[in-house]
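Listed below are the structures to be examined.
Same chain, two partners: subunit A is paired with subunit B first, then with subunit C.
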Partner chain A sequence: MFSLPFKASRRFPSLICRSNSTAPPAGGHLPSIATSTILRSTREAALRTPWLRWLDDNASSPSTVIVGGRETRKMNTYQAVRDAMSIALAKDDSAVVFGEDVAFGGVFRCTMGLAEEFGRERVFNTPLTEQGIVGFGVGFALMGHTAIAEIQFADYIFPAFDQLVNEAAKIRYRSGGTFNVGGLTIRTPTMSVGHGGLYHSQSPEGFFMGASGLKVVIPRSPIQAKGLLLGSIRDPNPVIFMEPKVLYRSAVEQVPIDDYELPLGRAEILVSGTDLTLLTWGTPVYHCEAALHMLSSPEAALQPHITASLRSAKVELIDLRSILPWDVETIAESVNRTGRLVIVHEAGMTAGVGAEISAEIQKRCFLKLDAPIKRVTGWDTPVALQYEKFHIPDAIRIVDAVMETLSY
Partner chain B sequence: MASLARLRMAHRLPRASRPLARSVQTSADTTQLHSSPSDPSLPFTLKLHEDSFQSYQCDTPDLEVQLTKEELLLMYRQMQTMRRMEMAADALYKAKLIRGFCHLAIGQEAVSVGLEHGILPTDRVITAYRCHPFAVMRGGTIKGVIGELLGRQDGMSHGKGGSMHIFTPTFFGGNGIVGAQVPIGTGVAFAQKYKGEKNCTFALYGDGASNQGQVFEAFNMAKLWNLPTIFVCENNRYGMGTSAARSSSNTEYYTRGDKIPGLQVNGMDIIATKQAVAYARKWAVDDDKGPLLLEFVTYRYGGHSMSDPGTTYRTREEVQRMRSTQDPIRGLQKYIEEWGMATEQELKALDKAAKAEVDAAVEVAKASPEPSTKDLWTDIYYKGTEPPFMRGREREEVHVY
Partner chain C sequence: MIRTFITAPHRAHTRSFSTTISRRQQILPKSNSPIVSKLEFFNSVTGSSSLIPTYRVLDGVGNLIHGAELPQIDKAFAHRLYENMQLLPTLDTVLYNVQRQGKISFYMTAYGEEATIIGSAAALEMDDEVLGQYREMGVLLWRGFTIDDVMAQCFGNEEDGSGKGRQMPVHFGSPKHHFHTISSPLATQIPQAAGVGYALKRTPDRRSRSIAACFFGEGAASEGDFHAGLMLASTIPSPTLYIARNNGFAISTPSTEQYNGDGIASRGPGYGIDTVRVDGNDVLAVLSAIREARRRCLEQGRAVLVEAMSYRVSHHSTSDDSFAYRPRTEVEDHKKVDNPITRFRLFMESQGWWNADAEIELKARLKEDVMKAFKRAETLKRAELSELFTDVYGGEQPWHLKEQRAELARLLRKYGSDYEPWRKELAKFKNNGRDLLD
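For the complex of A and B:
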């Protein structure tokens, strides 16, 4: 096994010192969220989003069937989320939006102006009552209504764990199909923000992975957020929609202003490759992009540490998008081609989503694997306040894992 | 400070002046015939015992009740049938035909049957796991309940739920998690209000569940938004094996809604329960006064579940005394006979008919097949939106959708 002389991540501080002497941009020359090529910053690119399905009132009218007739507007993720809820409320009289502080916009501004636009009967604040909010949403959805509830931070979802896992997930099964809460969608901001600490930077998606009956969706960008949220609201199953909070403002795209959906349960291949599959979702999509850039064209300071023979490796980058159910076919097909899999997520490693994916993929692709499946994750400790940057998997740790897996 | 203290005292006075020693009485046979019906098809007037109700921040219901002979006999027949059904479940459990969990409501029939007589079919009901009589009263069948307990296809959840999981279009179960049904009932009531329906939701829970945090979360939301939710505490005096006094700092459950008015009701007298339910319905629907808390003081004769003999935390004498002096069915029987509505023979015929109805349903349920293998994979997700696969009963069993 080829192994690096020492872990690349340990060299990170020295890289910063070197960089300072040559005065590059503060974030280095790597692609950041703002400069990411994954984001679709032109109208043409936005309208070519894979699997985008238009849902118009007058879908047959010529002006809207032609892609060229579609308009887009520059939006960040919170504006795209708001746009999706606005469409849902406008088209579905039974839909309501509720949660802590949502009537005046919510802490991340996702519901700005919705109360004024649709009335305080339909967009209203709840008490600070997470278990009650979800239970209330379950009851409302049982009556065939559309409940779009917000849990202010994913870290606060645990009081509602029982209502989600025991009530929302199981009601269809345990009532033999008499009742369901397909109209229930729980939106909640997730993942790290740089300084959230123990109760504002967690990624609890893995806790719901065993709750058959629920769906869990995590978008990576404004276009994805709008399409997947509309898909989640209209999906006939209860959905937990986790919005990476650092992307609310930093990720900006040209977002189609019309009503469209993106499919749940489908991963998206963002970069095609043949040598290794790099699988992630949410915020780390951008860390992975940066890592791939580091691998293929390392800056001078990094060059001694990036094995030259690996720089031409073609890495396939996949955004899982739906955590439950997850797109096992796409991942298995990719790993059967590449023979290598690295999974990146912000939650801790033990019993994280990566554990389930690794187990299933090693079973399906055992004879095609050229290296052990590697997981790059947050630590199993609580999320630290002071050193959050070092808790969350970053580009250095990802490129290190990619090189190790490529040279196994 | 002194004036503040006086103010607080003054505020408390009305409650303090309420006779503390006096509480709702739970005998089942103290209602009196007030006016004899001249014609058997016409309603007659009854007078409930003056201690049938205690109220908190509201008036008590009228003690005079209008009933017809027909309704009285129907109540009798239904209570008797429900008891027979629960007894059949008890026997089937002991014969090991019903497995798993099973909580019986023998002794509490006046609540489930009385509730149905006080509401409309379009109102909604949600309760916890002691749910079998409610499921039948809300449009289900005895065959469906027994079939569900047996885990058969004829069960109301096709044998996939079991004792705690029985539903009808206006009955949201049958819920196994203590207290979880209460905020759900509040959400159901919100949907009724949102739609502008002239209906309300009865969210039932026990004295044990009344200490769950989410029950108070639901109280707060319902009062805050003036929802037509009637919170119903079925106080059978024991939360599993712990008596109310040992579990609750305040055992006057009807006063625990803070700003939600409450009514304590003799839950062993079906005429009182019907009157209280009708009062609550008028409160929430006709008068649009928001939520109300009802506490039915009742008693379960059996253990908490089938695995609890029910005698380790209370005496056999106590159970025996309740059975012989405060039984809701015997109480109603006594009224009917005393008031000359029916003879003992006629009531015995009703008993026989109830038993025959249950026995026949049990036979049909027992003959129903168990769920088929394919039912293992259905109703987890909406058809067509399932995950690619679901792992099954053994290592290599994987169902691909």
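For the complex of A and C:
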């Protein structure tokens, strides 16, 4: 079992607690999403989520970090997303939620009960037109209102690419700041789900990374989803909020029930380390966690493959959280300390987000790098249905990349 | 969702009739379509149905046509219409030539569409939200956007309130005049207008009072966003008035290659919205049609479509020579035979509201105003160079933009005075670009 550095143990009490109390089952099963120590299963841990900023009813009172008196509730990711939208609708009368099939609760249950609670004028179905949904949202936000639009799968966001890249991203700039669509948030389920095939699996964040003017955010868990979504809805810029769909039901945390936000544009160090920086976002956060476990305490069959001298390596695991703008400072600081970087994402490698980050980190950390920056990504193929296990950046591919980089 | 009852008589009739049928037969679960035993295809153009008619008030020489009703209009209002119609070609002529001299980079005239644009502008309330394509400068002028404002945008000088010199000429915008900033991608404003209309409906002090008015050409109506927009403003009922300027050409493509149906108007009923086709060269017909369309928009809270038929007398833009794809004589004939400005002038003369002296005085005054503004705009500097990097994001500027701004500053410090293309260019900016170095 890998040991956690002191710094992390203070920051992640729940993680320590669970690591110490729950020994891996016989046979060395890897942690899954359900058993992840990254998820915060106690109220205390949930309320101590880093950078969590409470937004209390009294808007004029300063935000507070007081934990006492706060409650949490066990939620999965779709419930946390729903909770965030419910708060946004309750506190902002101009806010509306719309998209395909959102009125009955949404195909992933993210809008359950919102239409009944807030009325069909505020939570409504649109005809089946992605360019229309985003165009409508742009117009609604142009009037200073809050538009929370849903694209049913990130795979279907491309018909709206023009409205997002040419319109939403550029309106503030082209109008000299006189118009803006800061009230626009596009929510969309993303990443692979086990059997999604070509068009229910994609990770298109890289296509939007060059669309300066947009923000792109991807949470890893229920607490993150709620805080980052509320932050996205209230951010003065159009935000694409990509929700890893495999986490909707599988990732469960104690989530604070009050209104709170997490900051956009900031990565989070989940596990501190000194030997290598492992950077990822969304679903692969859990593959990375499994890979670290595999590295430190490999099951019997894998032991011949996991170099003994590398098992005690201290790997720093970072969740990027925001793709655009991304937190270069945290990543560069980490890599300058560790000298090694492995980037993991589900999207294909060529011109993916990892390419941008590699180039920038190579520039900033050139003298400190002890090994080439490695990328573990989906292959440059579409996501083929029956081949998914060999397509995604699975734990074994990650651990291999980590070992290759450590022993370079 | 609020679904307003369709008030159009023919629809109401169809609905009540078919409801009875389907109740009795219960054959089609999601349609009220009556069942028939005779196999019959239909088509709005080549079938038995005739073409959608074009509404007109004045004939080609300004006389009221038989049975037509004049819209409510007095002498002062008529003067205002005419002045604005005349201002358009005055500005167009000067700016077109200014572009030809290389003083501005681009321009698009509105020759031939003066009645469509000014008639529409005059029928809208001043605070109706307008989303245009690019040939609708006349709406802004009607609302008090000044000739200096026009020049500032086209020259991209420091007074450009539309966009700080960032967009190409004729991409105007002004929140004060409820005119959303023009962008080049065609038809993107059409679904946006549905969202604007819906927002107006959700704004207590504007509900039942303001509409979104959206202009586009017949070419843009071929984009998917046209389909999306009209469908959205119809199914998510939004007070959105769609005004199609059918001027016969999308750059070089004649409308015969743009669609095989009965123009744009024939599509409106498919979306379940009230639709009318109007003679876009008859300012009074446009005025009446848009006033009534606007009223229906508010009454039904749903989209309405107006197709205004005109002819693009001008080249598409300064980058286009339209005689490459249409004969010069066709254009010249059109200007003479069916000129919207002449038609309205003759009407005003018949009312005793206008004469040759007034015409000479107006033309001289407009020309002088435009030339004065042009000469002034020419001397103004551009905005500060550092505006290159602002307004990409609201809130704090992200690191990548801060760094790129610093990088340009570094390069300017090093090469700014020695590299001629930059030195000459820097002199055109306010503070000569020094603001970026601070």
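Assume the second predicted complex is superposed on the first by the 371 of 408 C-alpha atoms of A that agree within 3 Å, B and C clash if a C-alpha of one lies under 4 Å from a C-alpha of the other, contacts with A are read in each partner's own complex, and residues count from 1 in each chain.
Rule of thumb we're sticking to: a contact is a pair of C-beta atoms (placed from the backbone, for glycine too) under 8 Å apart; a residue touches a chain by one contact, two chains touch by 3 or more.
Quick caveat: nothing in here was measured; it's all calculated off a predicted structure.
Following the overlay on subunit A, a clash is recorded for the pair subunit B and subunit C. Applying the stated contact rule after C-alpha superposition, one finds that A:L89 touches neither subunit B nor subunit C.
Touch criterion not met for A:V335: it reaches neither subunit B nor subunit C. Once the two complexes are overlaid on the shared chain, A:A225 sits clear of subunit B and of subunit C alike. Once the two complexes are laid over each other on the shared chain, residue contacts for A:R120 go to subunit C alone; subunit B is not touched.
In the superposed model, A:L164 makes contact with neither subunit B nor subunit C. Residue contacts after overlaying the shared chain place A:H145 against subunit B and subunit C alike.
Contact with neither subunit B nor subunit C is seen for A:A395 once the two complexes are overlaid on the shared chain. Subunit A uses residues 94, 96, 121, 126-127, 129, 131-132, 134-145, 147, 162-163, 166-167, 172-180, 182, 212-213, 215, 235-237, 265, 325, 328-329 to touch subunit B in one structure and subunit C in the other. Residues 94, 96, 98, 120-121, 124-127, 129, 131-132, 134-145, 147, 159, 162-163, 166-167, 170-180, 182, 212-213, 215, 235-237, 265, 325, 328-329 of subunit A are the ones touching subunit C in the complex. Against subunit B, in their complex, subunit A makes its touches with residues 94, 96, 121, 126-127, 129, 131-132, 134-145, 147, 162-163, 166-167, 172-180, 182, 212-213, 215, 235-237, 264-265, 324-329.
For subunit C in complex with subunit A, the residues that touch the partner chain are 1-2, 129, 131, 160-164, 166-167, 171, 173-175, 180-181, 183, 185, 188, 190-200, 202-203, 212, 224-225, 227-229, 231-232, 235-236, 387, 390-395, 398-401. Within the complex formed with subunit A, the subunit B residues making contact are 126, 155-161, 165, 167-169, 172-173, 175-177, 180, 182-192, 194-195, 213-214, 217-218, 220-221, 224, 378-382, 385-390.
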